[in-house]
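Got a structure here, written out as structure tokens. Questions coming.
Lettered A, B, C and D in written order, each chain numbered from 1.
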Amino acid sequence: MKKQPQNWKDKLHEVIYEADTRGGKFFDIILLIAILSSVLFVMLESVDDIQLKYGNILNVGEWVLTILFSIEYILRIISIKKPSKYIFSFYGIIDFLSTIPKYLSIFFIGTHSLVALRALRLLRIFRILKLARFIGESNNFIKALKASRAKIAVFLFFVLILCMILGTIMYLIEGGENGFTSIPRSVYWAVVTLTTVGYGDIAPHTPFGQFVASIIMVLGYGIIAVPTGIVTSEMTKIFDVNLNTQSCPNCSHGDHNDDAIYCNHCGSKLHN
Amino acid sequence: MKKQPQNWKDKLHEVIYEADTRGGKFFDIILLIAILSSVLFVMLESVDDIQLKYGNILNVGEWVLTILFSIEYILRIISIKKPSKYIFSFYGIIDFLSTIPKYLSIFFIGTHSLVALRALRLLRIFRILKLARFIGESNNFIKALKASRAKIAVFLFFVLILCMILGTIMYLIEGGENGFTSIPRSVYWAVVTLTTVGYGDIAPHTPFGQFVASIIMVLGYGIIAVPTGIVTSEMTKIFDVNLNTQSCPNCSHGDHNDDAIYCNHCGSKLHN
Amino acid sequence: MKKQPQNWKDKLHEVIYEADTRGGKFFDIILLIAILSSVLFVMLESVDDIQLKYGNILNVGEWVLTILFSIEYILRIISIKKPSKYIFSFYGIIDFLSTIPKYLSIFFIGTHSLVALRALRLLRIFRILKLARFIGESNNFIKALKASRAKIAVFLFFVLILCMILGTIMYLIEGGENGFTSIPRSVYWAVVTLTTVGYGDIAPHTPFGQFVASIIMVLGYGIIAVPTGIVTSEMTKIFDVNLNTQSCPNCSHGDHNDDAIYCNHCGSKLHN
Amino acid sequence: MKKQPQNWKDKLHEVIYEADTRGGKFFDIILLIAILSSVLFVMLESVDDIQLKYGNILNVGEWVLTILFSIEYILRIISIKKPSKYIFSFYGIIDFLSTIPKYLSIFFIGTHSLVALRALRLLRIFRILKLARFIGESNNFIKALKASRAKIAVFLFFVLILCMILGTIMYLIEGGENGFTSIPRSVYWAVVTLTTVGYGDIAPHTPFGQFVASIIMVLGYGIIAVPTGIVTSEMTKIFDVNLNTQSCPNCSHGDHNDDAIYCNHCGSKLHN
């Protein structure tokens, strides 16, 4: 059983960090809207036409959101028992980095360090990572990804080696006049082709180059199966385990369906 | 055992809503041909050359089909016991929305509200959704999709967050002169690249941009495995369950494991 | 034990239709080389430069191969007991259709029916289907494809309906000036996009069109999982069954590894 | 138990060929950095701007690395008992082929055989294959690929036959004026389309050609499931087997099923 919150700090903690009370749910919805608006503002600001016409409105809205996020940041710090635990957590860093740029923009406004400023302002896009809070940590999906991380890393490493070798071969075959002006560019082309993206900004023109390119494509088409195989077998394993963890109290047979009431091996009743 | 239909309403209901009598099958085939012709007419009408030459023929054919669909709509209403159940069902709304535009076109013909009219006329393409009737609801395929809906939503949400962040980074790296004129446009490019579509209308030109783009492509190539893993493990589960078609002789509950000896619902023995 | 062939017809039958004697293997290798050369000739003939320079050599080579295939065709007919069984089989028809065009070309040489002639000559490319003989019919791979045929057909049908609706929507949004000149063309674009091919010959230019296109791409990226899921679950099923069909002679327990010598359930010896 | 190395040859062997001592680990890290720098140099050398500005630095760095690799090559030969075993192994050949080009460049410097020289120099990119040493041979990932090699070969063979037939059909439909100038080029287009790469350098322009292309794309989208299905079912099998790490206490045979009670090799009881 959960104790009733007793002082304002505990109440605040429940509203901000938890989602199972009325206040907590309301806070989450407001936060969700604020994050999405903020990301929308960053994106619209970068469109020249919109910046010219509605620049002032966007700026005001951005300041309102920045102040709201600042208040949220301060409340999070004062409502937790060990503030350092929050400040140096993943979300604490994201919250800080996505709030500070707007304040910094005051000091840089007179200067001409536009590129640095632009980069700083765009940091606010990372506010979208705050949404990760709403996905939930114990997700099977993330478990499967984590379990197959090492295998996928080996695979991607193998793909990169392949692209380097194939890119070098195509650089030799096609040469600079067909767009394959250097090995790094040819490797870029090999990545574009092997992953089946295929922009077409660089494409082989000689018959032999097209022949080799065809082989690369079919290869890419074939090896796309590998990461899929890895993740699928990992997921099947995880979901199988999660499917049903009960075992019969009489014969200890497992493998029951989720809606099973009686053991399918000995017929005795299951405790659900 | 099924009773013989006794009055014309019941007979009509059987022909229109069911497919296991001779009349019902004939009705379904006529409907199938009418839907496909109608969709073909909508598509051909939009081709300027064909509209100029055969516009009149298409118009006449369209009117014939519209009247046929109107009759079908009315018959469906009068042959069912609770008309409101049909009218507000998915198919009822589709049937209505795909029949009405042609009638509305009479009133709008003199005016110049061409765009609105065009949109209305094109609503008829949704007639193709009537074909869904022929697929069957109890399809394993749709079951697997529904079962993995939540997981796929989380995945697509994750892909969109990734595209927003990657798009913003590329906007900073490449800048407007290489086609990355705004963040929304860069995010569009990131989606085009990560999903391995790769139009090539926007493509990185700076070496560093091409390097980052390569990483995005390999990433997209790797994470395509995730939805596949989800659906596959879901499908394997559903098909596994369906492999066993026995139902309990006592409570007629299905869905037993292959090696089940006792019913998991009532505990009585199964005849294997 | 196999009986020795007794007359020349049986001997011929063994050489042509079977591959387990020395003569049969030799015949298969000659046939393989002839098919591949023939396909190469058809392909080279279509390249203008090569046709101009080496047209005569190609023509002579083509006549030699055609006569060889004719002899093969006649031998196949006379060495089999029921010739009609071969003539109307899949391979019989392929063998006939891919041999006859060269003979017909004599009669058409004076006339100017170039397109018909070209189409006839190109029929010879189907000779490549003769290679199917070397794959083997009892392939698990083809079994899995056949087993999931119905499900994949439902899926492709669903993809086509989706493309028609999405194509119509994009036709409305983008309009003719951006390349979406008619609904069939827009549907073509939707297919190109949803299947992640992405030529870029037609691409959305309006911000809203790019937004809708992004959704289509992510959708296509998500539903590619469906056929994969179907085939994988089908294949896992078939390979599981094929893995090992022996069962223990003592306890009739199945599920042994391929190299198992003793039953893993009761410990008695297995008959391998 | 492992014996202590007794003479300098054994010590050297342990440092170079093994990674479980301090010296061995240090050697591996140095080798890793040297290989990556070397590959980076080859790639940068091919960029004209960098070659002009930093050509001398790259040349010196390349000579330093070449000498280091030469020393490594000689040490590997003298520290192994049977040098021929290393020299003619996969890594021995790679080590030789990737070291020799730099030395050969001295003799060719005066002549104008630039293309041959460039090809030779680029051989050094194969040094990256030395990295394979760090992946580990007993990888499940490589096992799954090897196990499904035959099935994937059949699949790719099938894809190539399909592309040849589809390319020939499109050559007939579209003709030379739309880019489909010859059958080999049309087959190249079919590969680009079926594998969903889609450069867009060649694209159908006639409505009928676009219709056929749409079918090819949907087909390609469907059959991408096949290699995935093969690898996934293979991987699931291998990972399933590996889940069980027990070995028979009598004959130390591994690879038992999870529910095995008796060893499938010698029939003695397993301790579960």
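In the analysis below, a residue touches a chain if its C-beta (ideal position, glycine included) is under 8 Å from a C-beta of that chain, and two chains touch if they have at least 3 such contacts.
The structure presented is a predicted model; accordingly, all values stated were derived computationally and were not measured.
Student: Given the two chain pairs A-B and A-C, which is bridged by the higher number of C-beta pairs in contact?
Tutor: Counting C-beta pairs in contact for A-B and A-C gives the edge to A-B.
Student: Compute the centre of every chain as the mean of its C-alpha atoms, then state which one is farthest from the centre of subunit B.
Tutor: D
Student: Would you mind working out whether subunit A and subunit D touch using mostly the same residue numbers, over half shared, or mostly different ones?
Tutor: different
Student: Could you please state the distance in Å, as a whole number, between where the Cα atoms of subunit A are centred and where those of subunit B are centred?
Tutor: The answer is 28 Å.
Student: As a quick test, compute the distance in whole Å between the mean CA positions of subunit A and subunit C.
Tutor: 40
Student: So which bits of subunit C are touching at least two other chains?
Tutor: If we look for residues of subunit C contacting two or more partner chains, we find 155, 184, 187, 196-200, 224, 228-230, 232, 236.
Student: Looking at the complex, which residues from subunit C come into contact with subunit D?
Tutor: Against subunit D, subunit C makes touches at 39, 42-48, 118-119, 122, 125-126, 128-129, 131-132, 135, 139-141, 144-145, 152, 155-156, 159-160, 163, 184-185, 187-188, 191-192, 194-201, 224, 227-232, 234-236, 239, 243, 255-257, 259-269.
Student: Quick check on the complex: what are the subunit D residues that touch subunit C?
Tutor: So the residues of subunit D in touch with subunit C come to 151, 154-155, 157-158, 161, 164-165, 168, 171-172, 181-184, 187, 193, 196-200, 203, 207, 210-211, 213-214, 217-218, 220-222, 224-226, 228-230, 232-233, 236-237, 241, 255-257, 259-269.
Student: So in the complex, the part of subunit C that touches subunit A is made up of which residues?
Tutor: By the definition above, subunit C touches subunit A via 196-200, 228, 232.
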